[in-house]
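So, here's a batch of structures to check.
Same chain, two partners: chain A is paired with chain B first, then with chain C.
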Partner chain A sequence: MKEKILSIKNRDKLIQGLREKGFRVYGPRESEGIILFGEIQSSSDLPPQYTNSAHSIKEFFLPPHEPLLSYEVRKEGIKTHPLDQYPIPSVLYGVRPCDAAYLPIIDKVFAWEEKDELYLARREKTLVICLACEEPDEACFCASLGYSPTGKEGCDIALTPLDDKRLFAEFVSEKGERLLAEFPDLWEEIRPDDEKRRAEVEKEARGKIRRQVEMEGIKKWLDEHFEDPLWEEISRRCIGCGACYYLCPTCHCFDIVDEGNLWRGIRRRIWDTCSFGHFTQMPAHQPRGSQDRRYRQRIMHKFKYYVDRFGPIACVGCGRCIEVCPVGIDLTEILAKIKERVTASAKD
Partner chain B sequence: MPHIYEPHLVKTEEIIEETPDIKTFRLVFSEEALAHNFSFKAGQFCQLSVFGEGEATFCIASSPTRKGYIECSFKRVGKVTQSLHDREVGDTLGFRGPYGNWFPLEEMKGKNLIFVGGGIGLAPLRSLIWNCLDTRGDFAEIMILYGARSIADLVYKAELREWESRSDVKLVRTVDPGGEDETWDGHIGFVPAILEKISPSPEKAILITCGPPIMIKFVLQATDKLGFLPEQVITTLEMKMKCGLGKCGRCNIGNIYVCKDGPVFTYQQILSLPAEF
Partner chain C sequence: MSRELQDKAKELLEKEEVAQVIGYGAGTRRSRARPIFITSPEEASQLIWTPACVNNLAVYLTRKETKVPGRVAITAKGCDARALFVLIQEKQIRREDLNIIGLACRGVLSKKALDQGKGDLDEETLSAKCKVCLVHTPVEFDFLVGEKIDSPEPSSDPYEVIADLESRSPEERWEYWQGELSRCIKCYACRQACPLCYCNRCITEKSIPQWIEKSPHARGNLAWNIIRAFHLTGRCVGCGECERACPMDIPLMLLNQKMAREVKEQFGYVAGMNYQMEPALATFDPKDHEDFIR
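Now for the complex of A and B:
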């Protein structure tokens, strides 16, 4: 992997240069105390400090709602038009490593057998530049899942601040390496101590993560406990609002709805979640008729079913579900409760 | 951008009123090439849509051996099916498919086939039954047990008569207690009970069942009592679906996507699934 230095001074030139080449550049922006990704003109739009954006970056790849096609009745019959959604080449700057790590996980479901061209085209056209996390949030637990505040999974370029003037740049993907060639003057050679400093930054950041979940044995427990009193216990508080889903980077379930009348309208894909009863409600049959069954699906899908089907755990430890839950349900507490049962059964 | 969620257009060529709340639509593809070349296998399903009301999942109820059209039957139970019931001959619908797996026709060859259907659950079986009847020489005995709540709720009435009159098919009809009238000459009783009563031999047999989830549950129990092995029994699972393509996550039962790994499962496969369907 190629490694270079990007100075803070050159970072602004990079943002300008990307814009001149036709990229839309998005970065974290602060508005009334809330950090959200938005289009940026220069690095002066970036907040001096931020832990992570309130929303994950999934909305850039699977928008909360997107038109799939329009339809209209004409003299000769109904006509449908796929809507023009060829994505504009974009750069996401300042993505936290946990959020970037969601991409290779979720690529699997959108790319297996029939390809979801809408998702995959956005993936192809979007460059992800990560900025290492120096101050993890109270709810963060990425390290428990094998990720790191300075991780590189899903990044095209991974940046780690060495001090307030220099960023250590790792060119993770071929797409990222292209920027090396396209902006040859912006990248400086690394100095002898830079790699050491980068490792120190990682160690410091890891040390600041307050939550830790011991994952060993959890998958096996889930394999064997589809029926267990735990599901009722942990979901008693859940009001089924789905907020955890909306903020979760890896949650990717959706609905398809028509908006319009019998003469003209739009067919739209919208986010949807297993937290809602309507998700599996059929006219005369409801396989997940209570909130504990729906909550079980959420945990099982992330930590067992997705693993069985596609390999990785569908959680990156970003902690948003913990922060947003209006009734204080805490995923790390749930995992810890499962772990207690794993440990208890090991003693038996 | 063309994408996997884009429907083809189909025209309603014929509408048959099966029961007070079930209709069958005969559909023909508007695209010339598809009208001639569309192919599928018995057991597969599709997403049909009324533009403006949305998509819903239906099995293809016609046989792959009958070319040039497809048929779907639906009960008026929700928003989309209500709207479908309001359509007329000549109306255009959206179609995506065929999706999912299919009945294991090759493995069924040379075997005695026992079809057990309830209510509108005869629709996917009908596709397979006609497929088998159109290649009748490939199979040994064929028995069809079909029941509904009442005489009025029996679907494909003309075809039931046709099967009854054929010497190479044994048709057993039943209606739920109270669903009969003085003219009824079939059985009276729930499908699983009648299955136990007529007690078909599991010898060299495959039993295929479709119907309401509660009926399937008791039919599977009945097959145990009759000595069928779980791998001799095939059914279809119904879960709510949207994409039909293994993306939207709605039809998951454990790590299974019913839309991709199903809807056709053996009883043996079903025994390994979490009890959530």
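Now for the complex of A and C:
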């Protein structure tokens, strides 16, 4: 992996240069106390300090709503028109490593038997530049899942601040490496102590993570406990909103809706969640008729079903679900409860 | 305070006067509280009453997952109790099935204060809704935790922000709401946290025909947030749970307050102050002075 230095001074030139080459550059922006990714012109648009954005970067790959086709109802029958969508080449700057780590996990489902063209086209056209997380939030637990506040999974370029003037740049992917050649003057050579300093920054950041979950044995417990009193216990206070799902990077369920009038309309894909009471409602049956079954689905999908089918756990430990839950449900507490059961049964 | 509450809950459960106590327990995050459900006297010591007890627990009385047979005790601040009274008026719960453990309340922490991990109540950390509170002590209760607190006339105009918005031009207001509502992602946390949004099937879930477009685009978000404000008109008690639950920090209470003020001005009615009154928008009087209604 190639390693260089990007000075803060050159960072602006990079953003400018990317814009000149036709990229849309997005970064975290603060407005009314909330951090959301928005288009940026220069680094002065970036907030001086932020933990993470309210949304994960999922919104760039699976937007909250997107048109799929338009339709007309005519005498001769229904006519559909494709809505040709060409994603605009984009750069996401200042992505936290936990969010970037979601990409290789979820690529697996969108590039599975049926290729999701829209998702994959956006993936191809989007460059992800990560910025290491120096001040993890109280709810963060990425390290428990094998990730790091200075991690590189899913990044094209991973940046770690060495001090307030220099960023340590690791070119993780080929797509990222192209920027080396395209902007040869912006990257400086690393100095002898830089790698050491980078490791120190990582160690410091890891040290600030307050939550830790032992994951060993959890998958096996889930394999054997589809029915268990725990599900009711942990979900009793859940009010069935979709805040945890919608802000979760890895949750990726969607619904297809037709919106229009009797004669014409647009078919759209929108976010949906297993938390909603009508999610699995069928004319004759509702297999998940109460919140404990719906909550079980959330845990099972992330920590068992996804693992069975694709390998990785569908959670990166970003902690958003813990932060936004209006009733204080805490995923790390739930995993700890499962772990307690694992430990207890090992003693028997 | 917590001790007094725990003793009462323990007593109610021991004497089998109630089958469940819905209250607050410590959360997992710094100085947070969260809903807990107590069914045995030994668990009563988990109950707490602090300025972090923000949730309106009345929401659990109509959820099938948290309904239990028999009488239930619920801890309620003044604003929470107002929601209970509307639920009684609307025949969703019965007063005789409820034991209201009233909480004399000087206010709760704002969302921002909680996010910053602050636990003490002061001018800065106090939630905005509490600055204009009419009911520091619940209007009615079976037992009161703490000493009765009088509710002084609110120090600021409760409709100050609305008045400010109303002073702007229609274009400016449109732009303001387009901006705020553009963040809505239709997670329905507002609806789910609201004790008065208890419909088994929300209008957004009705698809033949589709009244409200489900997509979180500008039109869909406008339709959703307006219909919710309409459905809460004359009912919203100002507990602020929708706004607190909103992960996108949309000032939803402005819509509800605007409608509450209309109802107050038009009908002299304030929701949730007296459950024996008929709800403002659900009454009919043959002597109504308006012709169209006769």
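Simple rule for what comes next: the second predicted complex is superposed on the first by the 342 of 348 C-alpha atoms of A that agree within 3 Å, B and C clash if a C-alpha of one lies under 4 Å from a C-alpha of the other, contacts with A are read in each partner's own complex, and residues count from 1 in each chain.
Everything that follows uses one rule, which is that a contact is a pair of C-beta atoms (placed from the backbone, for glycine too) under 8 Å apart; a residue touches a chain by one contact, two chains touch by 3 or more.
Remember, it's a predicted structure, so these values are computed and weren't measured experimentally.
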Touched partner set for A:D255, first chain B, second chain C, both or neither: both
First (chain B), second (chain C), both or neither touched by A:L180: neither
Partner chain in contact with A:A121 - chain B first, chain C second, else both or neither: first
Which of chain B and chain C A:M282 touches, first, second, both or neither: first
Contacts of A:Q297 with chain B and chain C, given as first, second, both or neither: first
Contacts of A:L247 with chain B and chain C, given as first, second, both or neither: second
Touched chain A residues, chain B compared with chain C: B
Partner chain(s) touched by A:M215 [first = chain B, second = chain C, both, neither]: neither
Partner chain(s) touched by A:A139 [first = chain B, second = chain C, both, neither]: second
Doubly contacted chain A residues - partners chain C and chain B: 255, 257-258
Sites on chain A touched by chain C in the complex: 32-34, 36, 54, 64-65, 138-139, 235-243, 245-247, 255, 257-259, 268, 270-271, 273, 276, 278, 290-292, 322, 324, 326-330, 332-333
Chain B residues within the chain A interface of the complex: 1-7, 9, 30, 49-55, 75, 77-78, 81, 92, 94, 212-213, 238-240, 242-243, 245-250, 252-255, 260, 274-277
Interfacial residue positions of chain A with respect to chain B in the complex: 68-69, 71, 77-78, 80, 82, 84-86, 109-110, 112-118, 121, 226-227, 252-258, 260-263, 265, 267, 269, 272, 274, 279-285, 287-288, 293, 297, 300-301, 304-306, 308-309
Chain A contact footprint on chain C (complex, rising order): 27-30, 32-37, 55, 59-60, 63-66, 112, 117, 183, 185-189, 191-193, 201, 205, 210, 213-217, 220, 241, 244-245, 247-249
